[in-house]
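Each chain carries a letter (A, B, C, D and E) given by its place in the written order, and its residues are counted from 1.
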Amino acid sequence: MNKFEVRNMDLYYGSFHALKNINIDIPEKEITAFIGPSGCGKSTFLKSLNRMNDLVEGCRISGGIKLDGVDIYKDKMDVNVLRKRVGMVFQKPNPFPMSIYDNIAYGPRTHGIHNKAQLDEIVERSLRGAAIWDEVKDRLNKSALGMSGGQQQRLCIARALAVEPEVLLMDEPTSALDPISTSKVEELATELKENYTIVMVTHNMQQAARISDKTAFFLLGELVEMGPTERVFATPVDKRTEDYISGRFG
Amino acid sequence: MPEIAATQTAADMTYAKPHAFLPTGGSNRRAARMQAAALRWLVRMAALLTAAVLVFLIGYILVMGIPNLKPELFAWEYNSENVSLTPALINTVLMTAFSLAISTPLGIFAAIWLVEYAHRGSKLVKVVRVTTETLQGIPSIVYGLFGMLFFVTKLHWGYSMIAGAFTLAIMVLPVIMRTTEEALIAVPDSYREGSFGLGAGKLRTVFTIVLPSAMPGILSGVILATGRIVGETAALIYTASSVAKIPSSVFSSTRTLAVHMYLLSNEGLYIGQTYGTAVVLLVLVLVINGLSGLVAGKLAKR
Amino acid sequence: MTSKLKEGVMQGVFTLCACVSILAVALICIFLFANGVPTLFKIGPLKFLLGTTWKPGNDIFGILPMILGSIYVTAGAILVGVPIGLLTAIYMSKFASPRINKVMLPAVQLLAGIPSVVYGFFGMIVLVPAVQAMVKSPFFKTVLHVKSGKGMSLFTAAVLLGIMILPTIITVSKTSLDAVPDSYYEGSLALGATHERSVFYAVLPAAKSGVLSAVILGIGRAIGETMAVVMVAGNQTWMPKGLFQGLRTMTSNIVIEMGYAADLHREALIATGVVLFVFILLINLCFSLVKGGKDYA
Amino acid sequence: SADSAAASSAPAEGTAASTEAAPAGDFDADQDITVISREDGSGTRGAFIELTGVEEKNADGKKVDNTTEAAAIQSSTNGVMTAVANDETAIGYISLGSLSNDVKAVTVGGVEASAETVKDGSYVLSRPFNIVTNGDATDPVAVDFIAYVLSKDGQAIATDNGYIGEDGADFTSAQPEGKIVVGGSSSVSPLMEKLIEAYKTVNPNAELELQTTDSTTGVSGALEGTYTIGMASRELKDSEVEGGAKATVLALDGIAVVVNPGNTTDDLTVDQIKGIYTGELTTWADVQ
Amino acid sequence: MNKFEVRNMDLYYGSFHALKNINIDIPEKEITAFIGPSGCGKSTFLKSLNRMNDLVEGCRISGGIKLDGVDIYKDKMDVNVLRKRVGMVFQKPNPFPMSIYDNIAYGPRTHGIHNKAQLDEIVERSLRGAAIWDEVKDRLNKSALGMSGGQQQRLCIARALAVEPEVLLMDEPTSALDPISTSKVEELATELKENYTIVMVTHNMQQAARISDKTAFFLLGELVEMGPTERVFATPVDKRTEDYISGRFG
């Protein structure tokens, strides 16, 4: 089953044509990786999946993006609900400057849950879900900014889980992390795909090869090739993909 | 709601299915939307209030003042009939120039030391920071008292331009230091590295690369200081006093425009002229702000 | 080597310039304290600081009413200025379109540039009668039981000062709001929060220390303001009597009486300046503590 | 009343808003009186409290200022005028030379405040404007200028500007050259300004600089030599006289007791004024 | 011949031991590449070759670095002269905010050349040397900030050449550039090695393989392995080098 279906999508930043006629299906409960050289539009595309691009002035989108068959750019789609359903984890861990507990509870509170017991439960469940509960359970009231980078990133994942999304978008979630933290986050992603659809941008081809089910290669705003990860890496159809994978540029 | 015992293992805690707690529609959405609307309304009202106060204030001064802008208010020489503001205006310019001539080099050099030379965390830096902040917080009336006790009385300068200028120079020194410091910090380190990498010494790097790049920021600080000097009253009545003539030497007493306005208003004999003077003062402030806007624009362009 | 010498000499010059502010503060301390502290002891420190009567004609110098006056007026100004200023800053930083900001920013700068004399004039002629009319209104008499309110009062001074500190509050808060990394805002949006909620619950807490600095700077400005307060506060030397009664601040006390004071009276006024200066030092201490805390985090 | 052209024309526009706030006719006399006073040490206040009896000697023979604590303090003539013009219930006192149409001067014991009544002594509230020198003046310009000020011409200028001068003698300038500095009281300053301007036409050789500060600075400046001639709107303090200051009366200034134009009270006795300023009479009904 | 000889060098940032007992010889008129994962100390080591680390507060160095046999950390070495001899090109192009001409002339002027004709000649020679003369010769008086990233980087190389250095240090000189600019800079480096000793940090192993003569691999502040580039890539001696090159981490 496809979670997202993108058809004939174009995106402009002002007069700059950043994404060109993208057609892609993102399967449910799998990890889809986006690779490509810097500036090719990976982040841009990721952000249009939960309409974070709405914030960018001068950004225009045409074509259709359907989530579970519903066009997310149609008027009756409430962006806040969309973003609740399609969570996002950013390149640089961005915990709020508040306690660990409040970080996780932020989302549920936003969506109207104020009952202490219920919040407690959500916090624990999300932190466990992000495989960080044991490390932080004794200091839930400490500031989240005191954690290490890898912990912060897992906290951000926990924060995203706390609003019970269906999809998790991750934009280079490990590029700011050390190797050990990176492998923890990668493990986590592999676990999470049981319940969530995961879309991940990475500039690290090894990472894409290690954990993703499908891989999409972007170049200069075009989707060059998409397919099962092994196939894309082993026998790329497009010459450009092959060049990129074999390190001829980028 | 499902109860989950604390003893459950991590594996059990993974999400069986999403949508356990959080309904995506209905009353929660409405509450969220109402909260958003309320907050939006709140900030708009506050901004409106601020704008209204300003418009009312300016409007009031203009309405009361413009009819009083008669030509004799701008006569070359002051006398008790025309209460001309021209000498006060010229004195304001002189006073500003004099104070800035003292405080600008001091402030810029001090900032250079703080940013380019001082070791972060050294004792002296801390003391300089604390004293600069102290200076910034001192009210003008206290500057006035100090100027009177030190420059006027102790140094025997009398009520004079020089006493006023030194007092004001100390008063605006922290303003110039702070803005210059920020401007210097904003200069990318890559410029410095580039220069050092070519074998240039520190002094050359500072004067030929760093300072020119920081110039717009420094200039905006100087303009900020100008604004404070132009609007100052309390620190000047006790130091420069009030002669409504262009001074013949730095030891002559002089009055700036703000002091002029204050004195005009005092005895209630020249209320109309006071409003007229207020308009000129306002225009002066506008011009100064405009200048700083221009400089800031230049800065943005680069 | 000459270039080494030049470097050394200039470094010395820079260091000396940096020390000017130390020298200035030292001089200010010495001259104020040297003139004020002996007076304090001549009058008696407790009599001076805690005395409730100020009658220079009869050689009674108690400045407690003025100390309280300064505190009340400042607190009032903060109550008026901070909410409005902070909300305006939030509006300008996170809600207003660039077009609106293009007008608002110079407007706020203008507000900051207007000399205090002009504010005072405005307060005296516009605010005082307005407050007078307000307290005389039936609503105040019957509902709020305000029997004898005056136009020149704590309330009026607080409102006027509240307006005067607006630019400080707005610019400092706005700067710190602008400095909050977008990542907080985006993080919140990505959780499905509305723009407004994101701003108030994710961005604002992150700007906390900046807002606190704004408040402290506002306090500093309010407590030090002179020319404007004199014209609207009533300046009675009694112990502050109520929101709609006049009172006198330390700054007013100095500027009102300096002109005619002689001998001990004059020294007592300088001593008032010393007390004011100590207040400012305390406020600055708070300010550095707040800022120090930020650096630490 | 005020003869100064500047005083009568300009302020009329200046307080257009305020006259609406206090419409005449329906004055409610039950209202509390808002008492406006000048600051402690002000020359105007000193004379006012002495002449009205607000200042009394206590048992030890020391003078005590009984001005009510409730009196709002304004630090300038204009402050008092504006406060009174904007408050129906207010009362204040100001220099007669500054009186304008925004406020109403009441008659005191039935006598109108004017130059004539002050001069003939029937109006009781007045105070001296002093010029102060360190001992006797020695500077030739100062001597010549003081002679001019006290002459017929000089005193006429005082009278023309709403202050009260003596008759004085005829004056011919010795035309000395040089520069002197006159400085001090801001209330004396406007009159001094006129005198200096007039004197310059008589003796163009001299240069006179005027610094407006305050009475105390005027006296101390004269003693220290920063001012050749000081100005004070009050009597000299004992310590100042001991320091060698010598005061000469330049002119008398009447003190007008002023109320809001909307106030129906037109006359007050000295006792009533004292009652109001000592806080015994608190509403206008008590007075009327 | 060796241009640099580094013996038992340790470097501390405060209490952090950033470089550990480094011993390395850098051959004259060759390209030496430094590779290694982020944070391993490549830039730090590069900067100690022309004492740019002197600017970092709390940085201490022990051991010896000899340039042409003279210890550069000894007192009689004038750092300004050292930096003139050992030029540097940075990761992000950093032209000064002045005209192209003034950018190039800055170095010579610093070292006392003010004769216009002489400067003109140096400017032309340097710009030609950096293969950018033709692109900019008509706008020498325009601001350098108006150039493209690739042009700016070559300008910075020209600026470094203008003071006639013996060594050129380059810290990831192409990481901020697009592929075309990158290959221009790479070509340029290969040409320059005729006359200059070049030391280059890169995170792009393909780049190291393409242009360098020697390759040094750093890991966690240690120099793991150094040798001829082909040898290091084909038959790494150390297990960690092999892991890194084959993409097992980083």
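We take it that a contact is a pair of C-beta atoms (placed from the backbone, for glycine too) under 8 Å apart; a residue touches a chain by one contact, two chains touch by 3 or more.
By chain, UniProt protein names: A, E = Phosphate transport system ATP-binding protein; B = Phosphate transport system permease protein PstA; C = Phosphate transport system permease protein.
What you are looking at is a predicted structure, and each value in this text was computed from that prediction instead of being measured.
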*chain C and chain B - chains in contact with each*: A, D
_Counting hops between chains that touch, how far apart are chain B and chain D?_
1
*Note down the smallest number of touching-chain steps it takes to go from chain C to chain E.*
2
*From the Cα centroids, identify the chain that ends up most central relative to all protein Cα atoms.*
B
_Of all other chains, the one whose Cα centre sits farthest from chain C_ = E
_Between 0 and 180 degrees and rounded to the nearest 5, what angle rotates chain A's CA atoms onto those of chain E?_
180
*Starting from the mean Cα coordinates of chain A and chain B, work out the distance between those two points in Å.*
45
*What whole-number Å value describes the gap between the mean CA coordinates of chain D and chain E?*
82
*Compute the distance, rounded to whole Å, between the mean C-alpha positions of chain C and chain D.*
34
_Residue numbers of chain E (touch at least two other chains)_ = none
_Please output the residue numbers of chain C that touch at least 2 other chains, ranges allowed._
126, 194, 197, 255, 258
*asked:* Residues of chain D that contact two or more other chains, please.
replied: 15, 82, 186, 213
*Residues of chain B touching chain C in their complex?*
32-33, 35-37, 39-40, 42-47, 49-51, 53-54, 56-58, 60-61, 105-107, 109-110, 112-114, 116-118, 124, 127-135, 137-143, 145-146, 149-150, 154, 170, 173-174, 177, 201-203, 227, 230-234, 238, 258, 261-262, 265, 274, 278, 281-282, 285-286, 288-290, 292-293
_chain B partner contacts - residues on chain C that touch it in the complex_ = 3, 6-7, 10-11, 13-15, 17-22, 24-25, 27-28, 31-32, 35, 83-88, 90-92, 95-96, 104, 106-119, 121-122, 126, 163, 166, 170, 194-197, 199-200, 217, 220, 223-227, 251, 254-255, 258, 270, 273, 276-277, 280-281, 283-284, 287-288
*In the complex formed with chain C, which residues of chain D make contact?*
15, 17-18, 21, 31-32, 34, 39-43, 62-65, 69-75, 79, 82-83, 86-87, 186, 213-217, 219-220, 234, 237, 239-240
*Spell out the part of chain A that touches chain C in their complex, as residue ranges.*
50, 52, 55, 80-85, 87-88, 90, 92, 94-98, 106-107, 110-111, 143, 145, 156, 159-160, 162-163
*Partner chain D, residues of chain C touching it in the complex*: 55-58, 124-126, 128-129, 132-133, 136, 148, 150-152, 230-231, 234-238, 246, 248, 255-263, 265-266
